[in-house]
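Next come two complexes built around chain A: one with chain B, the other with chain C.
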Partner chain A sequence: MMGERPSPPARFEPVADGDLRIAEVSFLTQVNLRLDPGDPAAGDIGRALGVPLPTEPGTYGSADVDVLWLGPDEWLIVGEPGRERDLETRLRTAAGTGHVAVTDVSAQRTTLLVAGPKARDLLAHGCALDLHPRVFGPGRCAQTMLARAQVLLVARDGDEFLVLVRPSFAGYLVAWLLDAAAEHLSGQPG
Partner chain B sequence: MTRQPFRRDGHRGETLRFRFDGRDYEGYRGDTLASALLANGVRAVATSVRLGRPRGVFAAWTEEPNALVQIEHPFPEPMLQATTVELYDGLVARGLPGKGRLSGEADPARHDGVYAHCDVLVVGAGPAGLSAALSAAGSGARVVLADDRPVPGGSLPDTAETVDGLPGAEWAAAALAELDGHPEVRVLARTGVLGYYDDNYLVAVERRGERASSRERLWRIRARRVVLATGAHERSVAFAGNDRPGVMLASAARAYVNRYGVLPGRRAVVFTANDSAYAAARDLTAAGVEVAAVVDVRRGGGRSWDGSEVLAGHLVTGVDGQDGVSSVTVSPDPRGGLAGDREIEADLLLVSGGWNPVVHLFGQAGGRLRYDERLGALLPAATRQAVEVAGAARGLSTLGRCLADGAAAGARAAEAAGFRAGRRSAARAEDVAAALAEHVWLVPAADYRGHFVDLQRDVTVADVMRATRAGLRSVEHVKRYTTAGTAHDQGKTSGLLTSGVVAHLLEVDVAELGTTTFRAPYVPVSFATLAGRDRGALHDPVRVTPLHGWHVARGALFENVGQWKRPRYYPRAGEDMRAAVLRECAAVRRGAGAMDVSTLGKIDLQGPDAAELLDRLYTAMMSTLPVGAIRYGVMCQPDGTVFDDGTVTRLAEDRFLATTTTGNAAAVLDWMEEWLQTEWPSLRVYCTSVTEQWATVALAGPGSRAVLAGLAPGLAVDGESFPFMTWREARVAGIEARVCRISFSGELAYEINVSAWDGLALWEAVQGSGAVTPYGTETMHVLRAEKGYPIVGQDTDGTVTPADLGLGWVLSGKKADYVGKRSHARPGDLRPDRKHLVGLLPDDPDRLLPEGAHLVATARLPEPPVPALGHVTSSYRSAALGRTFALALVSGGRERVGDRLYVPVGAEQVPVTVTRHVLYDPEGARRDG
Partner chain C sequence: MMLIPCPWCGPRDEAEFHYGGQAHVAYPADPAALSDAEWARYLFFRDNPKGPFAERWSHAAGCRRWFNVVRDTATNEIHAVYRAGGQRPVSP
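For the complex of A and B:
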């Protein structure tokens, strides 16, 4: 009955210029986790995930999933597509009787990849954060605004950023990114 | 040979053609429009805003008060300063009578913005700024150098002074090249900083031109330390005829001969109170301008002048010539006891009343200023920001000191930002000792109507006098009374002069008066630049659901609900909105309809105290809800008024899903978090937004059960197995779904929730059943209004309680408390004349009342004030009732059921009858199909 899931937001021609790439990364697994980091369950969950829950604001840790700090008692666990059930179960099992909220939010955000030597310049058109590698290098993440859309911005190795955005905003954000990207593509006036 | 009669001998360049006021001219690349006009002998460039007097070029950069022009081609742009417009081939411009006009054509240019961060921001690339940037850059700090000119060097190309043995402009170019070599340095040319806000947040506008990807770019810069090397502006003196074309700041004339190779006149008189104008006189002489006389207000005159006659202790008391200076009248200072006026033939009068350090940005940032008697200027004093002021901007007057001061400031800033500045010796220049300046604000006269203080606003000393004679003592008040200092130039040349004149008239010290407040923007900026990319389709995000493409393909027309686009109705060929909505309504009441309700807010609450939180926030009891059941809920503000409504679904003992209205999704989540974090931190519950995790399809109408049964063969859909206000998990169209039996139409209805990824597949399957009519928000509004279901924000306005809406049944009497409960017991909430939600039936069943219309009791409007009983909140045509109807908030409305009231519409009093707010199926018989 089910056909291929429609890629929710964007449906745009990916940008693959020498210095700039923009593409959609669809259907990542995303599970929202809330608990008191002082709760013993936090340690158990970290062990189950293979990486401790980061407590430094604006950072993430990685194992086979990325564990992104969203707030003092909130994380987003991001993994390959199709792992929602497995991850939810793993978290609930590890949490035991602790007071924990585990919520599958995989469809709540879609993911855009913005990468390349010009990625920071592109994002700087709409993001008020300092994205300099000294400040926002690999391992950093932030909930912020990109243009007029709320996003979760993740810095990865090699000038790569993930931009997680509500699918309802994705059409707007892609249109904005493509408009802002024009000057950073080869052969375009700067 | 050049066709530019006032071009300095030997000055060559790439020829550019331009048109001004309908005449064709030539200029050179590197010219401004002002320098090119002067090169062609154009003296009167614009006319003044109030008096219509001819005005010429007065300055050479952003301080220009006179030479306002309208650009006609290549793009229409109102009110630019000719002194800052870079000349380009094909430019077409006109001089302005003080005011520009916006173009009626759409501007095809792009404007954009960039956020930047740095350790040290240096504002100004003059001698001090370049020195500061060089020493900061050497430390490895991230440096941004912003300068509003196209070429670096600040005043160096104007004065042609020497730095480190090089011509100043060459030294500046070399410094810039060195800065460009630092990977962590960003040099922004043509970028004027216009605002300085708290926490070292500065905004600048970069003028990038027509060939760039954006014409102008707004830079939003956050700097750990700021170095303001903004230089100084020369100021004028108020004397009779000081607004004539040909009267020019001495430093500007020097810039025209040195930077642009233009002679601003043939024969000049220099009027000065300090030594800097002597350097200008020397440079003009060298360029071939005859300096007829130097008029120095100081009895001792200036130092080191071997040119023409110096008239020490003299003043300029008059200027002749209509469209340009033809002669200058010079008189001895009456205080000196001499007598005898002289008239000197000249076409150029250079003025130097002194120098104002450019403290605008420092002032904007909250920095305090102090008046320095010796310099006759305001200097930066205390500040709360992390800022250094360097060079002429803090009153230094010689090049060598500015270079050294800039280098030291740059090093201090870098070190304060945590970097170690290397040892680098500052650039050097030879300083010439100067005689002490005097401060003269106005030349005494019997008639002050020709002594201009603010050239752009046409404010004279006579106007200022009128203000002081009216009793005004504060320069802020004088500014507002006379408008001095309120023009595009923000009083750059007039601000302190106004203070000086006021001080003179009141016989007080300038130090006592101070100056007016400095406010952004320091340089003019267009709205288009401030808007940047937020225009047209990108003006505001358009939010769409996963089903949006289907709605578009089916020709839906949309309604804006906040940022969301929601299908309003789906017209068929030949249908208008009225026909389409009546058809959709009938389809739901008689068969089955489906609607995309994915935009409703959804909040997942988990934790042992989730039920307790909901009990406190909703007026109804939620903790008694069994797992598998759903309850309608209303949330109130502490004042008892309705805040939001929705349903609460109990998913498990410790897990609920709360829905909100589309517009309030974020506000309700914030509301829950606020109470949890500030008032009830002991409650163990976490709230997570899942609004976009789910796509939701409402399936409504007597035929909906059969449609659902067909799509979900595994689900028992009969009324007993699946009662009203319960939910079931099922596979619908093969998709995992949570099906809720709730209704917003009064009909048998379901809401089917699936992963947003599967929303479109579900919707297509529902439509594929062949028995379902898609309907939009307009139909939904009609159906719910027929049932008297209020819409928060449409039928409520922040004064309405649940009881007013006839929702007294959702107010739990069993709970000890909930937010708003105490307010509901206040006498004011129990008054019988509160406005109740009621129905209205117009006598004419085809008459559609305008929403927002008022209600009165009488068939004839009484004399004002007219006692209004309330207003229409919702008004529709009903297919089910076969007529129009409305909902209204009416004072004591429930006691007026059956009464006749009147709705004034234009000159007409439309008669209506008050009914209960539930107009359709009041007994609720249709709920179960």
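For the complex of A and C:
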């Protein structure tokens, strides 16, 4: 139970419109994993996670957690809130004596959900990446800049995006998103 | 704004990168044997060509990897991109 735990952009009211939804997804479990993908431990870790570590840049795999490519020897495992211990233990057991670093970084970023048919247009206001579904469709992720803030963008099914951002930037990014969203929201006053 | 092709992530805005200066400056094999003048030359002296220049960049806002770029300092044209530790490609 974590009802009293404050989260950085907690003061913002989620936006829900036919074409656009913006909300915070708080306290996701995030574990950073570093190892040489050629290490035998990589296979064991993939089996323990239920999905092989993706080696194609800018992609992720999903089981009960998402396994996001961050770099050629670095991944971010993202799961439901409260899974830190379980996930860390699972990874460490699978890593065995391999040359592997497992770090709980759940507090490093919070997550914003940007979804709906207008989500791509909204993100494109502040992001230089080509977000067309042909290029950045479900299964793609990217570390890049959104409105000059460093983010980890994750494209999911159904025009859904997760924007992982450092807590110290989250309030700013929410303010920017809500401002940029104004033109896409129908029936919003002002 | 330059578009720099990260060898891992593909083309990205220059704003996502940090500059790391001249590439292939080898650490002295026996640093203790260097005179002050030689040490200063290793630390502070760099080439400054007008034309193709092999230099280091880090994709700081992306995959955070260091890599090498051959960039024309006069035109900003990028001739080659290769991973850290790689050999500078032979110019065409």
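Just so we're on the same page, the second predicted complex is superposed on the first by the 181 of 190 C-alpha atoms of A that agree within 3 Å, B and C clash if a C-alpha of one lies under 4 Å from a C-alpha of the other, contacts with A are read in each partner's own complex, and residues count from 1 in each chain.
Definition applied: a contact is a pair of C-beta atoms (placed from the backbone, for glycine too) under 8 Å apart; a residue touches a chain by one contact, two chains touch by 3 or more.
Just so it is clear, the model here is predicted, and its values are computed rather than measured.
Chemist: Touching A:T55, do we find chain B (first), chain C (second), both, or neither?
Modeler: neither
Chemist: If you count the residues of chain A that each partner touches, which comes out higher, chain B or chain C?
Modeler: Larger number of chain A residues touched: B.
Chemist: Using the superposition on chain A described above, determine whether A:A124 touches chain B (first), chain C (second), both, or neither.
Modeler: A:A124 sits against chain B, while chain C stays out of touch.
Chemist: Examine A:A142 and indicate which partner it touches, taking first as chain B and second as chain C; both and neither are also allowed.
Modeler: After superposition on chain A, A:A142 lies in contact with chain C alone.
Chemist: Please work out whether A:L70 is in contact with chain B alone, chain C alone, both, or neither, and reply first, second, both or neither.
Modeler: A:L70 contacts chain C only, not chain B.
Chemist: Taking the two structures together, which residues of chain A meet both chain B and chain C?
Modeler: 128-129, 148
Chemist: Where on chain B is chain A touching in the complex?
Modeler: The contact residues of chain B facing chain A are 112-117, 142, 211-214, 220, 222, 533-534, 537-538, 540-546, 549, 564, 604, 606-608, 684, 686, 688-694, 733-735, 755-758, 760-761, 765.
Chemist: Touching residues of chain A toward chain C in the complex: what are they?
Modeler: My answer: residues 57-58, 70-72, 74, 128-129, 142-145, 148, 150.
Chemist: Quick one: in the complex, what on chain A touches chain B?
Modeler: Contact set of chain A toward chain B: 1-3, 5-6, 8, 27, 32, 34-35, 73, 99-109, 124-130, 132, 135, 147-149, 166-169, 171-173, 175-176, 179-180, 182-183, 188-190.
Chemist: In their complex, what parts of chain C are in touch with chain A?
Modeler: Touch list, chain C to chain A: 8-10, 12-13, 15-16, 61-65.
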